[in-house]
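Labels for the chains are A, B, C, D, E and F, by order of writing; each one numbers its residues from 1.
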Amino acid sequence: MTRCDKRDVDQLREVDFELGFNRYAEGSVLVSFGATQVLCNATVEEKVPPFMRGEGRGWVTAEYAMLPRATHSRSARESVRGRIGGRTHEIQRLIGRSLRAVVDLNLLGERTIQIDCDVLQADGGTRTASITGAYVALVTALRKLQREGLLSEDPLRDSVAAVSVGIVAGVPMLDLCYEEDARADVDMNFVVTGNGKFVEVQGTAETEPFSVDQLRQLQELALAGCRRLGELQAEALGDRL
Amino acid sequence: MTRCDKRDVDQLREVDFELGFNRYAEGSVLVSFGATQVLCNATVEEKVPPFMRGEGRGWVTAEYAMLPRATHSRSARESVRGRIGGRTHEIQRLIGRSLRAVVDLNLLGERTIQIDCDVLQADGGTRTASITGAYVALVTALRKLQREGLLSEDPLRDSVAAVSVGIVAGVPMLDLCYEEDARADVDMNFVVTGNGKFVEVQGTAETEPFSVDQLRQLQELALAGCRRLGELQAEALGDRL
Amino acid sequence: MTRCDKRDVDQLREVDFELGFNRYAEGSVLVSFGATQVLCNATVEEKVPPFMRGEGRGWVTAEYAMLPRATHSRSARESVRGRIGGRTHEIQRLIGRSLRAVVDLNLLGERTIQIDCDVLQADGGTRTASITGAYVALVTALRKLQREGLLSEDPLRDSVAAVSVGIVAGVPMLDLCYEEDARADVDMNFVVTGNGKFVEVQGTAETEPFSVDQLRQLQELALAGCRRLGELQAEALGDRL
Amino acid sequence: MTRCDKRDVDQLREVDFELGFNRYAEGSVLVSFGATQVLCNATVEEKVPPFMRGEGRGWVTAEYAMLPRATHSRSARESVRGRIGGRTHEIQRLIGRSLRAVVDLNLLGERTIQIDCDVLQADGGTRTASITGAYVALVTALRKLQREGLLSEDPLRDSVAAVSVGIVAGVPMLDLCYEEDARADVDMNFVVTGNGKFVEVQGTAETEPFSVDQLRQLQELALAGCRRLGELQAEALGDRL
Amino acid sequence: MTRCDKRDVDQLREVDFELGFNRYAEGSVLVSFGATQVLCNATVEEKVPPFMRGEGRGWVTAEYAMLPRATHSRSARESVRGRIGGRTHEIQRLIGRSLRAVVDLNLLGERTIQIDCDVLQADGGTRTASITGAYVALVTALRKLQREGLLSEDPLRDSVAAVSVGIVAGVPMLDLCYEEDARADVDMNFVVTGNGKFVEVQGTAETEPFSVDQLRQLQELALAGCRRLGELQAEALGDRL
Amino acid sequence: MTRCDKRDVDQLREVDFELGFNRYAEGSVLVSFGATQVLCNATVEEKVPPFMRGEGRGWVTAEYAMLPRATHSRSARESVRGRIGGRTHEIQRLIGRSLRAVVDLNLLGERTIQIDCDVLQADGGTRTASITGAYVALVTALRKLQREGLLSEDPLRDSVAAVSVGIVAGVPMLDLCYEEDARADVDMNFVVTGNGKFVEVQGTAETEPFSVDQLRQLQELALAGCRRLGELQAEALGDRL
C-alpha cells in the first residue's frame, strides 16, 4: 500500500506556516499540513470571562470553524443551522485546553487571548493543524505584548504541537490525510509539549478495538512527529533551536 | 493521603446495577458508581437515521443529560438555555461510539437502539458509569429482541466497560470521585472491551503534562478496573462467567 | 367497567413519598402516584429574580420535565428540540403558582426556592403528583432553613395537594391513570389547600362539554382526594396530624 | 367601590364584532370587549397536521400574539426573543381546544381551520375576547365553505363563548378590565357552549384561595355572561335567535 | 394596459392616516396606501441602546412585522419559526435609517423612540407605507414630548416620506399595488425628504437590468409622489402647509 | 484632502483575482479590493430549492460571512450568537439577486450554483468585492459544467460587477476604503452589467440627504468603475476583450 503523497509511515506531510496572513490580528498564521489549510488568528482582549474577573489571571480560549466549501462536498454553515455542532464544540475545547497547558495564566495578566481557527481547506488533521498553528499565533501575540511592555515576564512555559496517528490496513502511520483517515481502523490525536510530555491523548477505534501494543506503537510515531513539528514551529518563529 | 471511601488506589467504588428501573424501556438500568447514579434506558426504534436508510444495517446512539440538581449546586437545564452544551455533546458521542464498537450493526437489522443516560446524582465518573450501565441496558434490549424472534443472530461482539483514572497529588489512582477529580493533575477515561482492547482512550493534563511512564501506569489501572467491571456487568445480566 | 388497579371510583392510587432521594438538594422527594414517579428536588438560592430585587421578599418557582423514556414510546428531549413546549410551560407555571399560594413570601426573605420536578415514569397525573410531591420537598427545604436559623418565622401558611378527576365512560372518578385519562370525556385538575380551599381549578372537556351538576360531582371527588393526600403528606413529613 | 366603566358586577363591557376587517381571510372579525381589541382571522388550509393525514378528519387550531404596544408599556416581540413564551402557549392551546369542542371534525373533511388571534390593544380579558371572536370568524369561514359546496353537512355542533370572572376586594364580578384584573384575589375564565355546558374552567387564586361557595358564585356570573355573549355573536352573524 | 384602481401612471393610491388608533402609544397611526394597511405605533423609552449610553444623544429605531394573514395566503409567524427573516431585517433597518435622517438626535435627549410597524393587510408597498406612516407617528410622539416640556428644542429637521416606483410592461409607474409589483421588471423605493433630497434610493432589476434613462424617469415619478405624500402627512398632522 | 492609497477620486483600489484558491470548489476566487479580501467559492449542486422542483429551471444563490477577525476589533461569530444578523441577510440576498440578473436560469438546468463569500479581511466594500468576485467564481463553475458537457448552451447573458461610491467631505469618490466609508455623508452601491445597465442601485444618506445632482455624479463614477472592473474580470478569466 502506498500512502497519499508517497510518504513513509513515519513521515509528516509538507508543513508550512505563513505568518502575518491577516493584518489586524495580534498574531496571524496560515498553517498548512499538506492540503489542509487553517487560518489561525490570535486576538488580545483586555478582559476575562465573568467567572475569572478580579483574580488577576488571564485566559486563553479558541473557536474553530470550517468554511462551507473547505470539504469535498459543501456543508451547511453552523450560523445558518443556528447552532454549533458537537464536533465543533469538542475541537474548540481541545484547542483551548492544549494552549492553556503551556501558558502560565498568572503571568498573562487579566486579559484573554482568543484564537480563531478557521479551516479554509480540509484534507484530514484539521484539529492537529489548528493546535500546531494556534501555538505559533499565540506566541506571536505574546511577543507583541512583550514588545509593548504589557507583560513583565514571559507566560510561556513550553511549546505545544499536535499530530494525528492511525492504523490503516493494519499499519500504524503518522499524520493521516483525509483518504487515509476515512479508511483507518484506529484514529488517535496526540498533543505533546516541547519536552515530550502529553497534554492530551485521544484515541478511537473506528472499527476494530486496538491492543496495548498498538497503542505503544502509535504513541512512538506521535512523539517523533510532534518533535519535528516543534522544530518547524521554532523555525517559523525565527527561534534559534 | 486518604481516598474518599477509604479505598485503595486500584479499587473501584461500590458498583451496582438495578435492572428494570423503568417499566416501559426495552432495557433499563440504574447504575451506581458510589454516589454517582445514572439511569440508562434503552429504546428500540424500528427505523434508522436518514443517511442509513435502505442499507439494511442498524444504529446505536446515545443521549446524555444531567438533572439540574444532580450536582452540589443547581445548574440550568439545557432545554431552558435552548442548546446543548459542548460537554454534553462530547459525552453522548463518546457513549454512542463505545457501544457501536461491540455491536455488529449488520446483524442488528434496520433499527436503532437509542440509549438515554440521565444522571440523577453526580459524584465524578458520570461518563464512565453511563457507558458501563448503557452496555447492560443495551444487552437487555437485544435479548428482548432475540426472545421475540426479531434477531436471527446475536449482534453482540464483545462486552464494553469504562472507567476513569487520574493522577492526584502525584499518585495514579482508579475511579475518581468528584473531590479527587477536582484535585487531579491528569484525568483519563478508558473504554475497554471484554477481551482487553481499547475502544477509546482520552487523557487530559489539567495542570501538568504527563510522561510516557505515567501514561503506562494509568493504563494498567484502567485495564484491571474494566476487567472487574466486566465481571459485575455479567453478574448483573445473570451470565455465567 | 373496571378501573386500572381495580380501584373504586373515589380511591387514590397507591401514593408514596421517598424523602432524601438526592443527597445534594435541600429537599428531595421521589413521589409515586401508582406507576407515575416524579423526582422533586428543592434548591435554595440566596437571590431572587431581577424584578424582585431589593424588596426583601422571597420567590418560589418550579421547572418540570420528563425523561425521554418516561412514556410508553420515547419522546424527543426539549433540549434537543431547542425549546420548551407549551405543555411544559403550562405545567411548570401551575406548580409554581400552587406552591406560592401557601407560602408567605415576605417571611421567606430575599431568597428563591426552586423546585425541579423531573418525571422518571409517567402513568397519568404527572402534574398533580408533581405539585403534591413538590410541597413535601418545599417543606423539607424550609425546615432545613429553620434548623439553620435562617428563617425567624415559618413562612408556610397551609399545606397544598393536587389531584386529577375525570369523567370516563360517563362515570366521574378520582386520580386517573394514563389509560383512563386517554379515554376521559372530561379531565380536571384541582389544587386544594389543607383547609379545603381552591388554589387552582382546571377542567377541560376533551370530547363532550360537561354540566353544572357534573362539575359539582368532580369537585367533591377532588376535595376528598386532596384531604387524603394531605394526610399522607403529613405522615411522610413526620407530622402529628 | 366603583367598577371601571361604572358597570354593575354582573355586566359585560361594551362588546362589538366588526366582520370582514381583513379582505383576504376566509373569516375575519375585529372583536372588542371594551378597550380590548383582538383581530381574529380564520384561514382555511386544505391539509391537516402530519399526525392526522389520511384519516379524513379535519383540524381547528389557533395562534395568539400581542402587538408590542398593545399594552401600557411596550413589550418585546416574541420573534425577536426567538421563542414563544409560556403564557402565549397556554392561551393558544386554550383557544384551539375551545373551538374544537363545538366542531365535528369528521364533518369538516381533511382540512384545517387556522385562527390567528392578534391583540391590537389589551385591557384585560384578551383570551376570552379571542375565543369569543374566534368563534365568529370560524363560523364565517365554515359558511363560506358551505356556500362554495365544499361541506356537505354543517360541522358546527354548538356555539361557544368565553368570559372572565373574578373576586375583587371580596366582590365576585364579571368581565374584568385590566385594572380590576390586577387587583383580583381570584381570577377565572369560563368557556361555555350555547347550551350552557362547560368546555373549559380555569380558576386561579392570585392571593387568597377561594371556597366552594365562591366558586359557585363565579360560575353563575360566568354562565349568565356567556349566555349574553352568545346572543351578541348570533346577532353579529345575522342569525335569528 | 389598465392599472389596478384605474389610476394614471403618476397617481398615488388613496392614502389615509388614522391618528390615535391605539390608546397607549405616544404616537399611533393606521396608515393606508389603498388596501395596504400598516399600524405604526411610536413608543418613547427613557433609555438608549448600550453603545450610546452617557452620550446625551437619542435614538430612533423601528421594528416591522406582518400579521400571518396580512397576505393572500397565510404565512408562518416569525416567532413560531424562531427567527426573523432577511426581508424583515432589511425593512426594519430601512425604516429606522429613514426616520433618523430627519431627526437631530442630539436634540432628542438620551431617549429612544421605538416605532412598531405592523402590517395588518398587505397589497404592495408595505415598506413605503410604513416609513410614511411611521413619520406621522414619530411627529405625534415628539409633539407630545414637547407639550410635556421634555424637549427644549424641536429635534425634527425635515419631513420624510417614501414611495415605490417600477417598470411594468415597459411603463414606468408610481406606487405599485401587489399585482403590479409581481409583474414589474424593475422595482424601486425612494425615501425623500420634504425639501426633495434623497435619504434612500433602492432599485432592483427583477428580470431586466435598467438603463440610465429609465432610472431618471423613475426618479421623477418618485419625487413628485413623495411631494404629494408630504402634503397629506402635513394635513393629517393638522399643519398649515 | 488625500485619499487612502493616495488615489484619485475616480480611481479603483488595486484589484486582484486569485483563481483556484480552494481545490474542491467548482469555482474558487480570492478577490482583493485593496486590503479587502473575500474568498468566493462556487458549489454546483444537482438540486434546486423545494419551491422550484420539477420546473426544469436552475437557481443561483449566495451566502456571506466574515471571519471574526476580518475587522480591526474581533466580532462574535454568528454561529455562536445562534442567528444571522440583519446586515448579513441583506448582503447575501443582494449578491444572489445580482448574479441571477445575468444568468438565464432556464438554460442552467435543474441545479443550484451556491456561492459562498467569506470575508478574510475587511477594509470597506466587502459586498461589492463579493459580487465582483462571485461573478468570476460563477463563470469558472459554469465553464466547468460546459467542459463536462452538462450544459448545452451558455446560460450567461452578460457580466456583472459592483462598486461603492460615496460623498466624503463633500467630494464624490469611487471605491471607498473603510476609513473613507466611516466618514462618508452618502454611501452608495451600484451593481452594473457589462453593457452598462443597472441591476441594483442602493444609496443611503448617512448624515445629510443628497440631491438629484449629487446622485447623478455618483452614478457616473460608478458606471466608469464597473466598466473597469469588467475589464479586470475578463482578464482574470482569460477572455479576449
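One rule holds in what follows: a residue touches a chain if its C-beta (ideal position, glycine included) is under 8 Å from a C-beta of that chain, and two chains touch if they have at least 3 such contacts.
Keep in mind that this is a model prediction, so the values were computed, not measured.
Note on connectivity: the fewest chain-to-chain touch steps from chain B to chain E number 3. Centroid distances built from C-alpha atoms place D farthest away from chain A.
Chain B and chain F have Cα centroids separated by 51 Å. Each chain gets a centre from the mean of its Cα atoms; for chain A and chain F, those two points are 33 Å apart. In terms of their C-alpha centroids, the spacing between chain E and chain F amounts to 28 Å. Multi-chain contact residues, meaning those touching two or more other chains, occur in chain C at positions 82-84. In the complex of the two chains, the chain F residues touching chain E come out as 83-87, 89-90, 92-93, 97, 101, 158, 188, 193, 195-205, 208-212, 215, 219, 223. Listing the residues of chain C that touch chain B in their complex gives 22-25, 28, 35, 39, 41, 43, 45, 63, 65, 67-72, 74, 77-84, 114, 116, 118, 120-121.
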